[in-house]
Amino acid sequence: MADGAGHMNERIQQFTEFRQRMNTRILEHENQVVRRFFALDTQCYKDGALEVKTKEMLGLVASLVLRCDDCVNYHVAQCRQAGVSREEMLEIFQVGLVVAGSIVIPHLRRAVDFLDQIEATPEASAPPQAPG
Amino acid sequence: MADGAGHMNERIQQFTEFRQRMNTRILEHENQVVRRFFALDTQCYKDGALEVKTKEMLGLVASLVLRCDDCVNYHVAQCRQAGVSREEMLEIFQVGLVVAGSIVIPHLRRAVDFLDQIEATPEASAPPQAPG
Amino acid sequence: MADGAGHMNERIQQFTEFRQRMNTRILEHENQVVRRFFALDTQCYKDGALEVKTKEMLGLVASLVLRCDDCVNYHVAQCRQAGVSREEMLEIFQVGLVVAGSIVIPHLRRAVDFLDQIEATPEASAPPQAPG
Amino acid sequence: MADGAGHMNERIQQFTEFRQRMNTRILEHENQVVRRFFALDTQCYKDGALEVKTKEMLGLVASLVLRCDDCVNYHVAQCRQAGVSREEMLEIFQVGLVVAGSIVIPHLRRAVDFLDQIEATPEASAPPQAPG
Amino acid sequence: MADGAGHMNERIQQFTEFRQRMNTRILEHENQVVRRFFALDTQCYKDGALEVKTKEMLGLVASLVLRCDDCVNYHVAQCRQAGVSREEMLEIFQVGLVVAGSIVIPHLRRAVDFLDQIEATPEASAPPQAPG
Amino acid sequence: MADGAGHMNERIQQFTEFRQRMNTRILEHENQVVRRFFALDTQCYKDGALEVKTKEMLGLVASLVLRCDDCVNYHVAQCRQAGVSREEMLEIFQVGLVVAGSIVIPHLRRAVDFLDQIEATPEASAPPQAPG
């Protein structure tokens, strides 16, 4: 539905804008541990023994079982960018669902909705900047 | 307050609509594990050695200590439909509060608000379709 | 197996002894908040709008989804004492398993083992003193 | 930004109003365990062997690693009132971030945003009534 | 150290024996939801859009961030059997560590110890039967 | 009791030895993210805007509400070394207990037992090397 997509589009934009603004804001503070943690978080998903795609899938399932919507959305966008197909995405969800149970279902609904929306609005699929 | 109730009424409707639409959407995918999990989730709360009312109370306290608002709302509605009185509801909340601590309080506030609203708008108390 | 039961018997005894000794030890401290919390924990499972049996079942499923073996064992013993049949016990486990997923399975194995052992050694089924 | 601050101002007010209204609502019920728990929650942060400031910092880091936005906001306001500086606040966040990982980052963004807003709108920094 | 390896060897054997005995024991009960959940857990990691190796890596990181030693050990053994190298294993651990924080470290120590031991005692690396 | 203390003494020694051996073992791997995380974990508790004693108290309450015995023991030892009195220790426990509920009690029992033992065996109170 054009309306729904438009609405979500806006929500994705707001979410991305808030994330970037607050990440910048947090890093303005003279706190070296926080800054290093953010740098480590970015480094964590770089190509290594495991490729980016695999690492993003790991980040997604970890976020799902810990039930963090923002983290799930972030890694859904990253996974999509790294070439994870929808069928593969569902299998990541399936592992998260079996491991962590029905408590995951509300997050799954929001994750599939988010995925539908970024697929409907290609410009939105550019993943927000790391970290988190 | 008529206004508040009207507003919540709308929120309950939106929540129910989103849940149903996304459950349908999720099950459209050809993923047998996810489909079977959803079927199992429905089967889980059927009458057995324990009656539906008891099982819904178990689902409610489990959702509360795991701090999932959507799941709590769902089971609050189901419990009410199964004949759980408000006094009993409070004792379920009491167990969740003692077991999982003050971290549960924000969810308790939203649960009691939800319960107040579905009691004020009888047509809304028809529980949304399972699962989750 | 007589040997296994003897061994478990000993483990249940040690567990019960440690629990009682440390509860006493904790309450020796002049900390009113901790003391009141322990009193509240005991009060929580008393007969009320819900009967003891139901409350113990709620305590059990909450402990299971939060994955605390000591708490699970405690409430398994309390449930048994309150008249929960094995078939009902399995349905409590079933709700915990569906809500919180396969991560619960290792705790389920230990819970069923504990249940088997207290059924094999009737004198052990006297539940350890509350709280926790 | 005046607009953003005005908007947040409103959100803080709504949040505070909802919290107070629902706390009152919950305590209207004749449930002694719930009432005692709320009283204990208030007592918990009073001056003792540890001063209020330290206890509020403990409450903040506990809320952060358990990832409860409402609880984090509450303790951020309480900490500020108890004299925690921004530099100290960041070090509390740093401990929470290292202990509980990147899953905390979305909550950190909202906590820093909340802190910015209550600093920009001094009248809002009066902490909402306990508990939770 | 031969001694340590022998000792661990024994612990792995005990762990595997307990797991298998209790899985069998659990499935003896006439509880269809539990049985179906166990079947679903096995089905979940079968070859699909994602290959077994990837799914086992997802299961491992999910178990690590949820901090379940038994589940971590199980998936470490499964990953190794599926051809995950030690370097890849460390990158799975790295994602779990960054996502869920230092609270994961004690589990990481036990996971690396377990991995060392199954590498030192090849016959032990045959993964225990699913599920869990 | 001399016997109990001797036994615990041994357990503390084994725990410390295992921790140090496995930390060394983990850091032997060429994984820069893991190494940097461990360094960050050590840096996190250094003197800063907040003093070491306060940071260790934050680490302790965070470990307690996340229910990690090894982390709790580590921070109990660190707190003691930093001059936290037993009365203060109990107030940290009190905050953890109220925030995270009765599920914390088994960890509290083990924490108080650990504290008793390190007080009875002064040489054991030298805290194990960071991190974790």
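Going by the order they are written in, the chains are A, B, C, D, E and F; count residues from 1 in each one.
What we mean here is this: contacts are C-beta pairs under 8 Å (C-beta built on N, C-alpha and C of every residue); 3 or more make two chains touch, one makes a residue touch a chain.
Note that the coordinates shown come from a computational prediction; the quantities given were computed from them, not determined experimentally.
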Check every other chain and keep only those touching both chain B and chain E; list them. A, C, D, F
For chain D and chain E, the contact-path distance works out to 1
Quick one: which chains contact chain A and chain C both? B, D, E, F
Pair exhibiting more inter-chain C-beta contacts, B-F or C-F: C-F
Where centres are the averaged C-alpha coordinates, which chain has the largest centre distance to chain C? A
CA centre of chain A versus CA centre of chain F: separation in Å? 33
Between chain B and chain C, what distance separates the C-alpha centroids? Give it in angstrom. 26
Tell me, which residues of chain E touch at least two other chains? 33, 37, 40-41, 44, 62-63, 65-66, 71, 87, 90-91, 94, 97-100, 102-103
Touching chain D in the complex: which residues of chain E? 65, 97-104
Per the touch rule above, chain B residues touching chain C in the complex are 40-41, 44-45, 48-50, 54-55, 57-59, 61-66, 71, 85, 87-88, 90-92, 94-96, 98-100
Complex contacts: residues of chain D adjacent to chain A: 67, 86-87, 90-91, 93-94, 97-98, 102-103, 105-106, 108-110, 112-113, 116
Along chain F, where are the residues that touch chain A in the complex? 32-33, 36-37, 40, 43-44
Interface residues, chain C side, partner chain F - complex: 18-19, 22-23, 25-26, 29-31, 33-34, 37-38, 41, 62-63, 66, 68, 70-71, 131-132
